[in-house]
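For reference, chains read A, B, C and D in written order, and residue numbers begin at 1 within each chain.
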Amino acid sequence: MANFQGHALPGSLFIIFGLWWSVKYSMKYHSRRWKKNGHGNRQFNLLEIIEGSAKIACAVIGMLAEQFVPSGPHLQLYGGNPRTWVKLMNWQHTTMYLFFGISGVADVLTYSSSIVPRGLDRLMLSIALFIEGFLFYFHIVGRPMLDQHVHTLLLITTFAGAASLLVEVFLQENIILELFCASLSLLQGTWFYQVGFVLFPPWGGPGWDENDHSNVMFITMCFCWHYVLAICIVAGNYVLVYHFTQKRWASSREAEIKLGFRKQRQEKDSRAALLKESDEE
Amino acid sequence: MANFQGHALPGSLFIIFGLWWSVKYSMKYHSRRWKKNGHGNRQFNLLEIIEGSAKIACAVIGMLAEQFVPSGPHLQLYGGNPRTWVKLMNWQHTTMYLFFGISGVADVLTYSSSIVPRGLDRLMLSIALFIEGFLFYFHIVGRPMLDQHVHTLLLITTFAGAASLLVEVFLQENIILELFCASLSLLQGTWFYQVGFVLFPPWGGPGWDENDHSNVMFITMCFCWHYVLAICIVAGNYVLVYHFTQKRWASSREAEIKLGFRKQRQEKDSRAALLKESDEE
Amino acid sequence: MANFQGHALPGSLFIIFGLWWSVKYSMKYHSRRWKKNGHGNRQFNLLEIIEGSAKIACAVIGMLAEQFVPSGPHLQLYGGNPRTWVKLMNWQHTTMYLFFGISGVADVLTYSSSIVPRGLDRLMLSIALFIEGFLFYFHIVGRPMLDQHVHTLLLITTFAGAASLLVEVFLQENIILELFCASLSLLQGTWFYQVGFVLFPPWGGPGWDENDHSNVMFITMCFCWHYVLAICIVAGNYVLVYHFTQKRWASSREAEIKLGFRKQRQEKDSRAALLKESDEE
Amino acid sequence: MANFQGHALPGSLFIIFGLWWSVKYSMKYHSRRWKKNGHGNRQFNLLEIIEGSAKIACAVIGMLAEQFVPSGPHLQLYGGNPRTWVKLMNWQHTTMYLFFGISGVADVLTYSSSIVPRGLDRLMLSIALFIEGFLFYFHIVGRPMLDQHVHTLLLITTFAGAASLLVEVFLQENIILELFCASLSLLQGTWFYQVGFVLFPPWGGPGWDENDHSNVMFITMCFCWHYVLAICIVAGNYVLVYHFTQKRWASSREAEIKLGFRKQRQEKDSRAALLKESDEE
């Protein structure tokens, strides 16, 4: 959908997933370090399954929106008079959502069944991002300079994300890769908004001059600032999660220690009683 | 062979190998998980040798077909009047088949001899795919837009396959890489058919308009749909193999357990007999 | 800052850091080999924190210099009449420094706190170099041939450095990667000077003929010579550090051995005394 | 040196090193498998040092040849009237040889001293190949089509070799990588000859038509055939080395077994003698 809303929708989804991932992976990492795996793993598996289901839901909504908006193709691929392809742009976006849906299915299967090999969820998400970048790449040929440029920058985030997820297939549970990936998702989300603002200013107006080289230069730099923002958000979430889990851990530890003391005292008492008995004998 | 049959032949081969690989690697993975390696490995080695021989056979047939079809070069490389290169297209295809043949030889040697290092088969297949992509790359310069585009998409499958196999040289027995590679083989196979349908419609007719940009856009998307199909086929085969091997494993396990019970009972009986004897004494 | 000083400043910084890294990593490597880790690690952590702080300081100075030189934008981004982007070049350089500053912050946090995962410092430095290369890449479009060429060569050092640091995230404490990275930093530093000399000769004069192909050929070769120099400097530092640490190690070992001898003699004496006693008994 | 000899010299060197590497790495691999490391390692280190010295010698000869052939620059870099760069082509080739010389020095140091980290020799050779490719890359701009194409194919061998050696820095003693690298060296060597034959036919004549597209197509395919040849040579050497080392190993084993039998008999005899003695007592 070539309007502001059409960029805000995927942008919001990427931001939400980026935020969620930065929280989830921080939580996983901190609980891994405190070795409460027995309990934590099952909880996290449930979270992953919910995440996968959410992805499927978002993908289905996205597909339906692309197909059945008033200007959409309504599932018609080839037609009209003279016969030609119908609304290929919407079909391409539908295809992108489809791959994210498949990635969601892979998430659900990986974490709910033991026969699916670990890492499949990462591979399918990597493929989904690759397909997104792949379709965008052949999408933007022949557009004006600024339009091409903002989409090229979008491609950097998708291909970097795909590459990073591909490495995660082999290097699982690497916190740095996981947070890097979360930061790229945030970057992509905020950049979708930026693209919307540049090409289709929501307050109307004529959009930016697409052939002004200084606009291109500014946008390039602006992309870097978006990434600074993404780094700060991920770092902030990491620290917040650390403090929260540390508190919970400290209190649960205290409880354990108390329990330990009580046990020790009981043992002491019972040993003392035994000694008394043996003395009496 | 610039006709529909010339694309259907390699297409069919890639589809058959893709199907076979998705089955073989699933079988290997499930039997690895159930640790029946002692028995399984020898069987699988035999399968690999048969696969290698099949590859050699396909390659030889392909080479002969390219050379001795009526329009082929009949092993003549340079000639005519004025002297010039003879049917370079057929020679290039012959070269491609040659490398797949070498890969087949490497398969046979790797699994039949202990002096060939493991991973050589993967490297040679990776080189064969790289050579295929390499020759196609310099093959398509100067063709019309749509022709170039469908071949560029073919290149993506060959180079992705080559890269994935190269990683397999170092990361052996990784089920995700193996199935990924099978899915790429299927994709390449179905895409060969698609290229045939686009450039040389088998029901005659004029072929597609090669300079219509919307055809390029549709074909790009179509490529993604082919991959969705490939993913579904691989996933289906994986699940089918799982159910089949699980049944076999369960029944063999049952047999073992029964055998175990009989043994236990026999031991019990003999021990009881011994006790009786010692009592009687 | 498009003058000689604007290239000499980052050049000097890269040279200083390259020299320092070649010394630091050599020291770390040699002390790792002699297994004095207990003591050394804390010292090295302190060094890393100082290094990080120095990076932050350099970045802040660089940012202030780019903003507040007389020809700078003085923190104004958009203005003038007609309204347009202000001094985007300086803003881009400011952005580059900003990322190196973030990398410095990551250094300090990684080595001063235990909650930050190891490798984050490498990733942030890799991102800083990537951003530097990324901004330069879109910076040089449309410039004369020689100008483009010297900047392209600069890009090789930044992207190679970024890639090498990215590998270091996963392969920590690999001396070869660490020294390679130091040599690339030296190369980048001396190359910044070279760029300054080519485009803005400090002794005035007209600069080089930017459209002479033989200048391009010479510059390409000159780049290789710069790298020979960088290799020699790194190798020299490595050997110097080896001799220095070996001497210190040898003397400390001697002291240990002496101590050992004294102990042995004391034990001998006491044993002799015991023997005497037992004899007298 | 833009003539047939100037391509035959490096070609011969690459072929000799490729042959030698295929033999050396096969020997290393087979002796590693038979675990005679104690003895073998010192021998191999000596071989590596000799190889490094040979590389240095070749590099020095190459540099001197490029500088002091009659048409060479005789160490003059900038001069003439009007002042201009002197014989940059020869200077570039000198630079290439210089890096191979540095790689030779790294070989000698790595295997003769224990303070140089293992893998440095691989990195320096990788850099030497990268520099070769890098200089060739900027060397061929603006030449006729066929000339560019044969050099582009040369670049593939150099960059593939550089990449493969870079992986070897981290994955040492991987026989597949080592033989792959040997095959690329052979390919590069034979390809240098091919380039010489195409551009400067040694029997005089006008050279090939550089703008005929079918020549480009043939050359592309010819490159693949060169690689088939390289694979065959490497495989042949591997098998030859295997048979040779197996024989030596078998005979040495036989000797050991014989020795063992003699020892056993002696022990038997002595035990028998002892028994006799004790009987007699």
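Before moving on, here are some points about what is shown:
FYI, a contact is a pair of C-beta atoms (placed from the backbone, for glycine too) under 8 Å apart; a residue touches a chain by one contact, two chains touch by 3 or more.
Everything numeric in this text was worked out from a predicted model, so none of it was measured.
Where chain A touches chain B, the two copies mostly use different residue numbers: shared numbers make up under half of all numbers in play. Set against the C-alpha centre of chain A, every other chain centre is closer than that of D. Bringing chain B onto chain D by least-squares fit of CA atoms involves turning it by 90°, to the nearest 5.
With centres set at the average Cα position, the gap from chain A to chain B is 33 Å. Look at where the CA atoms of chain A average out and do the same for chain D: the two points lie 47 Å apart. Across the assembly, chain C contributes no residue in contact with two or more other chains.
Applying the touch criterion to all chain pairs gives A-B, A-C, B-D, C-D.
Residues 84-85, 88, 91-92, 95, 98-99, 102, 115, 117, 119-120, 123, 127, 131, 134-135, 138-139, 142, 169-170 of chain A touch chain B in their complex. Interface residues of chain B facing chain A in the complex, by the touch rule stated above, are 29, 156, 171, 174-176, 180, 213-218, 220-221, 224-225, 227-228, 231, 242.
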